[in-house]
Every structure is written in C-alpha cells, then in structure tokens.
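Each of the next two complexes has chain A plus one other chain: chain B in the first, chain C in the second.
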Partner chain A sequence: MAQTVYSAAGSDIAQSAPQVKPKRQPNGFPAVVPALVLIVLFFVVPITALLVRSVLDPKPGLGNYAQLLGSWTYARVFANTFEVAALVTILSVAIGFPVAWMLAIMPRRWGAVIFAILLLSMWTNLLARTYAWMVLLQRTGPINKLLIYLGLIDHPLAMVNDLTGVTIGMTYIMLPFIILPLQGVIKNIDPAILQAAALCGANRWKCLTRILIPLALPGVAAGALMVFVMSLGYFVTPALLGGTSNMMLAELIAQLVQSLVNWGLGGAAAFVLLIVTLAIYALQLRLFGAGRLSHGGQ
Partner chain B sequence: MRKMIVAAAFAAALALTGAASAEEIVFTSWGGTTQDAQKAAWADAFTKKTGVKVLEDGPTDYGKIKAMVESGNVSWDVVDAEGDYAVQAGGNGMLEKLDFNVIDKSKLDPRFVTPYSVGSFYYSFVIACNADAVNGKCPKTWADLFDTKKFPGKRTFYKWSAPGVIEAALLADGVKPKDLYPLDLDRAFKKLDTIKNDIVWWGTGAQSQQLLASQEAPYGSFWNGRVDLLKRSGVNAVMSWDQNITAADELVVPKGTKHRDLAMKFIALATSAKPQAEMAAAAGYAPINKDSAALMDKSARAMLPEEHTATQVNADMNYWAAHRDEIAKRWYAWQTK
Partner chain C sequence: MLLNYHQLGSWKWFLTGFTVLAAVFLLLPILFIIALSFGSSQWLVFPPPHWTTHWYRELFSDPRWLESALTSAEIAVLVMIFSVVIGLIASFGLTRGRFAGREALRALFLTPMILPVVVFAVAIYALFLRIGLSGTLTGFVIAHLIIALPFSIISICSALEGFDRSIEDAAVLCGAHPLEAKLRVTLPAIRHGLFAAAIFSFLVSWDEVVVAIFMASPTLQTLPVRIWTTLRQDLTPVIAAASSLLVGLTVVLMLLTALVRKGMKS
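What follows is the complex of A and B.
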C-alpha cells in the first residue's frame, strides 16, 4: 500500500516528506484492532483451548501425542496427507504456470473472459463442484463412457474413491489459488528483459528457463505454499472423492471429534497440523522473504 | 442512515436470539429426507398441539454434545443418535434419564428402550443390487456378497464403525446368528480382507443410493429404507432380506438441557403410534411403536423389517456400547491400511 502511494505521489512530494509523511503513512495500529480482536477471539482462544485439551483430556500428560505419533495408523494418515498435498501442489504449478503466463500476455479482453471463468469456478459452491467430479469420474460416468466409446479402454477406469479422484478434484479446486497470484507476478516482469535476452542470443527455451521462471519463482513459491497448506487441511473433497485407504488428516480429526468423541486426540492432531503449517510458512519466509511474498516478487 | 440500519438489524438479531429462550426447543437429527420426515410427522405436530416451536438443527455430532454438556451450555434438547452411542453416552453421564411417566413405554419395542433413550426408528441392513447392472444375477446372502468370484465388481458397505458390517462379515463366514456375540473381530477382519479391494464405502444414505443407482457399485449392504426409496424412484433395485441386520436410531436428551420437561413431551409425542407411522411411511424406516404398523397401508407395511423377522438378526446394542471405542480403533486402523 505504502509503495503505491509513493510511486503515485512522485519524487517531489517524497522530498517534502517531513510534514506529509504522518498523513501519508498513518500509524496503522487502530485500523487493525478489529481484525486482531476477531483473530484473538475466534482463532487464538479456541486453538489454545484445544491445545490445552490435548494435554488434559482424558488425563494430564502427553499421552495423546504419544498415541498420535506412535501409531502406524496415524502415521499413515499423516503420510497420505502430505502425499496428496504434494501431488496437488506439483500438478497445480505444472498446469497453472502456462495458464498464468497466457493470462499475462494475452489481449486484455480475452484475459477478462478467462478470468471470469476462473473466478466463476471459484465462486461456485464447493460441494456442488465436488459432486460434479464424482459424477464425471465414476465408472458409469461420461469420461469412462467416452473412453470406452472411442475404444481407448475396454473396462471402465477407477478414478474415484481413491487417490486419483482426490488428486483430480483438489487440483481443480486449487488451480485459481496458484494462477491468480502467479499471473500478477508474470505481468510485472518487464518484457524488455526478455527482449534483451533474445537480442543477446538466447533462444526461447533459454528465455523461459533463465529469465521467466527465475523471475516468476517468488510467485510460484507464494502460490505453491498457499495450495500446499490449504491442501493439508482439506476436508470435503477428500471425504467425498477419496477412499478410506487414503484418508487425510482433516477427516481423521473430524472423525475423532464427531463420532469417537475423543477431543483430546483430535486436538493433538489439529495442533500437530498447525505446527507443520507454521513450520512450512517459516521456511518459506526464510527462503523468499516476507516482502517478496506479499509484493508478488517486486 | 446506514448506522441506523445496522443498529436496527442488530436489535432485530438480539430480539431473535432472545426469543429462542422462550417457548422453543431444538431438535437435532441427521438432515436429509430423514429429518424432513421427522419434522413433518413430529415437530409440526408437536407445535400444533402445544404451541411450542421446534427449531431444527443438525447434523448430529457427538463431539458437540460432549462440549455442550461439559460447558453447561446445552442448546440441543432432543437429539436423534445411533443406538450404540445412546447406550454408551447414557453410561457416561452425557444424557438425561428419560421420564417414563410422560413417555409411555408400554407400546414401544423393548429392543430399543433404555433408561436414557427410546427408539427413534429402526432399520435393517439388507443386501441390495442393481439388477440392470448385472443382468439380474443378484447376491442373495451375505456369503454371496462376500464372494468376489461369483459376484465380481465393486460392492458398497457402510463406512463408519457401527453395527452392521462386522456382523455381515461374520455371517458370511458361516457364524450362526446366535453365536455372533461377543464379536470375533479377528475373524471378521480376516473375512473383510478378502474383499477389501472391491469395497466402495458409503458415508451417507444419499451416497449409498447414488452408488447403487449409478451402478458404480452394483451391489452392497444398505439401509432398507434407502433401497425402498430408490425402487420408488424407478431404479431396478432388488433387495434380499436374508439375515437382515437390525439397528436403531434413538432419541436422547443431552444432560443439562434447559427444556427437560418439553423434551420429554416431545419424545412422548414422537414415539406415539400415529407420528411413528407417518415418519416411517415417509422415510422408509420402521416404527418402534407396536401400534404403528396397523395405521400404515399395506404396501408401506410390506417394506418394513418386521415383515421379515424369520431370518432377522438383531445387532446387540449393549455389546456395541461396551466395545464401541475398541472396535472403532481397529475398524479405522484397518480401513486406512
């Protein structure tokens, strides 16, 4: 925010900054108070209560954590969760990058159409979209029917109630979260740099691998982090499109709390997930820095 | 102006929440067609009779009940819960004892009455098949359903740890119904292992119907009411009642409710003959009041588990209540393997 004000105001105002600065850069604290209160009341307090519960329920101690980290069942659920999140992140980047690139360089009018499609898909009810995939992917669904009709397969492929289903469904849902930040970053890359590279004799492949991808990397990292972390805690899509052998952590937590009435173990699982998420975020900050993240690589 | 609107909206919201503590109770169930039927047959009738409004909430969540009871802030007055949970939660001090001076239990099926709960409705796990998917070659027995050579393809079973699937596995393996309990879990899981790769799980009644109708799973184990509804909608579903396994939902009152008396009155009405009959006819489940069947028409009655008692197997709710946690642990560990 401050950056855009400066650049719009121009350098002569920046020079007379002593009087203007307090106005231009107000102390932001009062403005964030409502948000802070909200976060403390509805996030920090309940999370703390859950954490307390995880070490007190059913009896004081670290029993819940020992149970969680010491059992193969839960280890498998953790592994599944990371496997799915990693798969979805890789696929989202692979599919999202070309789309973001295209969006950044295509004429504005066409870009707006693609944008509208992206946003519309994001705004459509999540449950409805997930059910739609269920119908599309099932053995008697249109995709299998088409493949059989075309003679590409003899028997319907199993694409739902397993890892394939979860990965397809979640990648589709996560795509906008990587395309939107990424196209902002790519748009901000000065085309003159690419021209300069071409003039210096770089072919298209070199331009892509040596210029475009490195410059877009902070955007890729920001988007990938978002997708990975969101995927770690995802519930609806894995619950509907996955089978039990690839159960993810959020499902386990819901099951522990809702049907097994084990708040302690559920709390411990939720807390481990939170720690992992924060650790990934810290790593990202370390590697790419907060400023570059939030300003899209500028 | 905008401030005034906001203030007015706020005041209205306050007034609304204030009103909730007057003459209103909250009934919580599982949503979907079941709760629609319960609302029509019970809640609306209760409001008409007593003037007390019944607010609907859902879905039932045992974690929430525990949190409410422990915090002393109970906002659910009557809850539809699974039978094994009801027995267990009663023993754990989560539930109010029912007042059988208000609720007439003499007419209720004694299989589904405990000091803390009475049946809401009951159902059977039956074997069903989409005849169109398999040219009419449908499994008749649990042994058939576990036979992947004779009946290849996917079969669907109830996903959650609850009475039904383990019993089916043991019956399929040749255990006599009278020898089912205590459940031989090792044997059950060994039998389940033989078909594990061919199982598609259903988590909700609606999902079970979707799987069968779309032929994603041409056969499986279903709640009888759901298959009945599918047949009515035109799906060529074939049902086998052989060794149908009964289980029930129960009505319970979370401990510390502020509307205990009204909750008892609500349950008294909900379990009386006519509301039970109406609910059963609409949802395709069975009434737990012994006088209800006589009030139902012939075609609806033919679909009830009590017309198929010859080979019926009753899931033992007391056994399940006592071993609920232990079975659940093994069940989910086995599922994620």
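What follows is the complex of A and C.
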C-alpha cells in the first residue's frame, strides 16, 4: 500500500528531480551466513575431500573405480542393493496405497488411531525396531514357530542373515514414508470426479483403475522414488538383519573405511551411491517439479 | 464413490481389514519388544514362561548404559539449541531475503537430509580424524547439527511463510525496534514451528547411529552406539528393556507434541 503510493508519487517527481531512493532494505544474506559456513565447512568440504581421495588414494587415476565396477564381489553387492531397494519399494507401494487411501477417507476417529500408530512406529528408535525384527524373524522366533504351528512349513526358515529379513525389516521402516504423503495426495482428489464417473456408468474397478489410480499416480511415483533412494543408502537395518554374506552398498562403504581402512575404494563406493541418489532426485525434480524439495519457491 | 467411506459397499470391509492388518504390522513389533523386556527367558522365548523386571535392573545396574544415555542427552540438547537458533536466523534470510541464489542456497541447506547418511558419516569421520575432533563431544555436536539443521529449517521456514509479516511491520510502525518486533511479535507467532524444529532436532541427534558408530571412542559413546555394539554380540533382553524405555520416551514426546498443538489451537 505504502509502496504503491510512494512509487506513484515518485514517478511524478522523476522527470524533474532525481528520484528519492527508498531506505535500503537489508537483503537478508547475512542471516544465512552462519548456516552456510557450517554447511560448507562440515558438509561440502569433507564430501568433496572424500571424492577427491577416491581418485588420488592410493595413486592418482581411476583405479578404485575400475576395481569397484570390475569385480564380481562388488557386483554382487550392487545387485543386492538394487534388488532389496526395488522389492522394498514395490511392497511399500502395494501395502501403502490401500492404507493411504483408507486413511484419507476413514471416519476421523479411526483415522486418528491409525495416524498415531504410524507416528509411533516412525518415531521409535530405529535400532529398537530393528532389534524387534531380529528377534521376531530368528530361527526359533515367534514367526517361525507360528508358521510351523499352522503347518505351513516343516523347518524354520532362515530369515535373519538373509535378504528376506532385510526386505521385511526395511518395508516396515519405509511404510510410513509412503503412507503419509500419499494420504495427502489422495485427500486432495476431488470426490466429485469419481461421482461423475459412477454416474456415467463406470463400475468400481473402472473407477479405481481409470480414475483413482491415475490421479494418485504422481503421489505414488514421488513416494516410491523416495523410498527407493532411501533404501539404496540404508545402513543400519541391512547390516543387522542381513549379516556379512548379504552385504549392501552402505555397509560395504562402512566396511571399506572402518575395517579395511581403504579410503580410496570406500570413497569411490560412496561416490557411486552419491551419484545414483542425486540422479534419482534429479529425475524426481524433473517429473514432479521443485515443490517437494524447496517448498514456497517462486 | 471410491472416495466416500460409506459408499464403498463390499470393498469397505476388505479395505478396512487390510488397513487394520497393516496397522497391526506396524504396531506389533513395538508391543513385542515391551512384552519381551518383561519376559524371564534369556533366549527370548515367546510367549515368556514368567514375567520379571530382571532386565531393567540389569540395565540400571550397569553404569555404562546410564553414562551413554547421559552423553546422548547432552549432545542432543546442544544440537537442539544450535539447530533452532541457527535454523531460525537462516530461515529469516531464506524466506525474506532478496539476494541472488536464494533458492539454490535453500536446496543446499536441505541436501544433508536427502543424501545417504553413510556418505556423510565417512566424509566427516575422515575430516575429524585429521583435525582431531573424532570421538569428541564437539565433533558429535557438529556432525549431528548438520543432519538436524534441514529439519529445523523446513519447520521454521514453513511457519514463517504462514506468518503475516504486516503484523511485524505494524509493531515497527508503532515504534518497536525491528529486533524487538521480531522477538515479541514474530517469535511467539511462529512458536509451533520452533517447537517442531526443537523436537525434530533433538530426536535426530538422540537416535542418530551411523555417524556415531564411526566417531564413537571407548570413552565417549552415545546410547545408540551402545545398543549397536551390544546387538552385534547377542540379542540379550537387556536391549529389549532399553528399547522399551526408548518407546516410552517416544510416546511422551508424541503426547507432548499433541498437547502443545492443542494448546496452540485454543
């Protein structure tokens, strides 16, 4: 308001006299300096240094990358990582979609209960949750006992120290991350569209496959990409539930650095993980815009 | 009709049943740990033959558990304070600033949240080894601060974007110093964002395990590191007791959040 009055007056005077400059607004940059210094010093610099090390340590060149990408041992690790991440993503979407859908339309009271359970699960210490699955899935654990009792299996299944356990544990951890955002997407779909389809004679299946799923698809895809990329770099759960024979990428990086003190190779593996992660986020940005990463931009 | 719960017809029962099963899947492991922590079986037989508080006594009689919990709390509180203060200042710049590269900067500030923690952990560990911060309290606080800051910035930025700035300007027009207006008008108005930032920052640090595994020294261990190293040896029920206490803490924090939210609405 004051601004418009000011500039209107300003344009009148502008011809005859030099325009009076408005009091300079602080541009706000100094405010971000502390955070910027912190991020540059302790995030950008160390990660760059690690990547530099991957091409310099032990000797300059791409030797580390050749070793990493050229051996069957490491190929197995990459295969494990992508396999588990893909399975976890598929399972999370398959379980998460109906739950998100119900959560969006359920009577408020029940929705609140489900919501509280989701938050409790998400906020509970990761190690505590992983511990629960280590016990639940072990050879003599309750799940094996139950399956034997029901006569579904004769011998206990080896789920711990196996990718099965990792997949179950990771799906458990990722579910809230897909349900919560997807629930919001479905809630924003206009029910009138489905009403209209029903009036035009579409049955339930048609409404589901032709309208609800396509409308929810951007949300599903965004959530799925997020789960996939989080799973790729996950360390704790695969390390505890998978054991050393079923290593995944994050565990390999940790082991190369911690046990083998091979910084060059570890840095190279970290760089591969970094590039894959960033590539998937770039894909997500391209497909769904910047809304998810930097909300409120122009 | 698919988006109206009461018009779902026969699908309603199937979908409700599925959702209940999923909720049980999410809740069961947590209830299971609590049951286990009171079970008498060393070998985690379930259902337990007898009930006992033995594991809790064992947990509290070992000073190393308490010590690591205190270390974790100390780090988490420091991280919380720095994260909220630095995050608040940065958020003012990010939401109100007019400078080139503001959006790029916002993206940079959020990057630690989306990158795999293990990459950051290895990198910061290498740096801290070189400058002598590995295994120190300062090192832990700095590393956790980097991970917590994005959560703080997101919470506070969104609160600031929802705040009508003209109220602050009005206070300045009425004679308040700009800083005073910020402290006495803006901060109370965005307190829910500050509260969320504080809770998230605390939890991020309190639960952080990957960076901590690398940096922990025999003399300085956080609670997650202690659980991790114990878990690698065996699945003792003492961990179930410790985990149950952590679940209790989560419930307290959730109730606190709900209460604060309710209090702010009224």
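Heads up, the rule we're going with is that the second predicted complex is superposed on the first by the 242 of 298 C-alpha atoms of A that agree within 3 Å, B and C clash if a C-alpha of one lies under 4 Å from a C-alpha of the other, contacts with A are read in each partner's own complex, and residues count from 1 in each chain.
Here, a residue touches a chain if its C-beta (ideal position, glycine included) is under 8 Å from a C-beta of that chain, and two chains touch if they have at least 3 such contacts.
The structure presented is a predicted model; accordingly, all values stated were derived computationally and were not measured.
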| item | value |
| --- | --- |
| Fit or clash - chain C, chain B, common chain A | clash |
| Chain B versus chain C as contact partner of A:R76, first or second or both or neither | first |
| Touching partner for A:L127 - first (chain B), second (chain C), both, neither | second |
| Which superposed partner A:V257 touches (first chain B, second chain C, both, neither) | both |
| A:A31 touches, of chain B and chain C: first, second, both or neither? | second |
| Touching partner for A:T140 - first (chain B), second (chain C), both, neither | both |
| Which superposed partner A:G63 touches (first chain B, second chain C, both, neither) | neither |
| Partner chain in contact with A:S245 - chain B first, chain C second, else both or neither | first |
| Greater chain A contact set [chain C / chain B] | C |
| On chain A, positions contacted by chain B and by chain C | 134-135, 138, 140-141, 257-258, 263, 266 |
| Contact footprint of chain C on chain A as seen in their complex | 25, 27-32, 34-36, 38-39, 42-47, 49-50, 53, 95, 98-99, 101-107, 113-114, 116-121, 123-136, 138, 140-142, 145, 172, 175-176, 186, 189, 191, 194-195, 198, 204, 207-208, 211-212, 229, 232-236, 240, 250, 253-254, 257-258, 263, 266-267, 270, 273-274, 277, 281, 293-298 |
| In the complex with chain A, residue positions of chain B that touch it | 61-67, 154, 159-161, 200-201, 203, 210, 214-216, 325, 328, 332-333, 335-337 |
| Chain B partner contacts - residues on chain A that touch it in the complex | 71-73, 76-77, 80, 134-135, 138-141, 160-161, 239, 243-245, 247, 255, 257-261, 263, 266 |
| Chain A partner contacts - residues on chain C that touch it in the complex | 1-5, 9, 11, 15-16, 18-19, 22-23, 25-27, 29-30, 32-33, 36, 43-46, 86-87, 89-90, 92-99, 102-103, 105-112, 114-127, 142-143, 145-146, 149, 153, 157-158, 161, 203, 207, 209-210, 213-214, 224, 227-228, 231-232, 235, 239-240, 242-244, 246-247, 250-251, 253-254 |
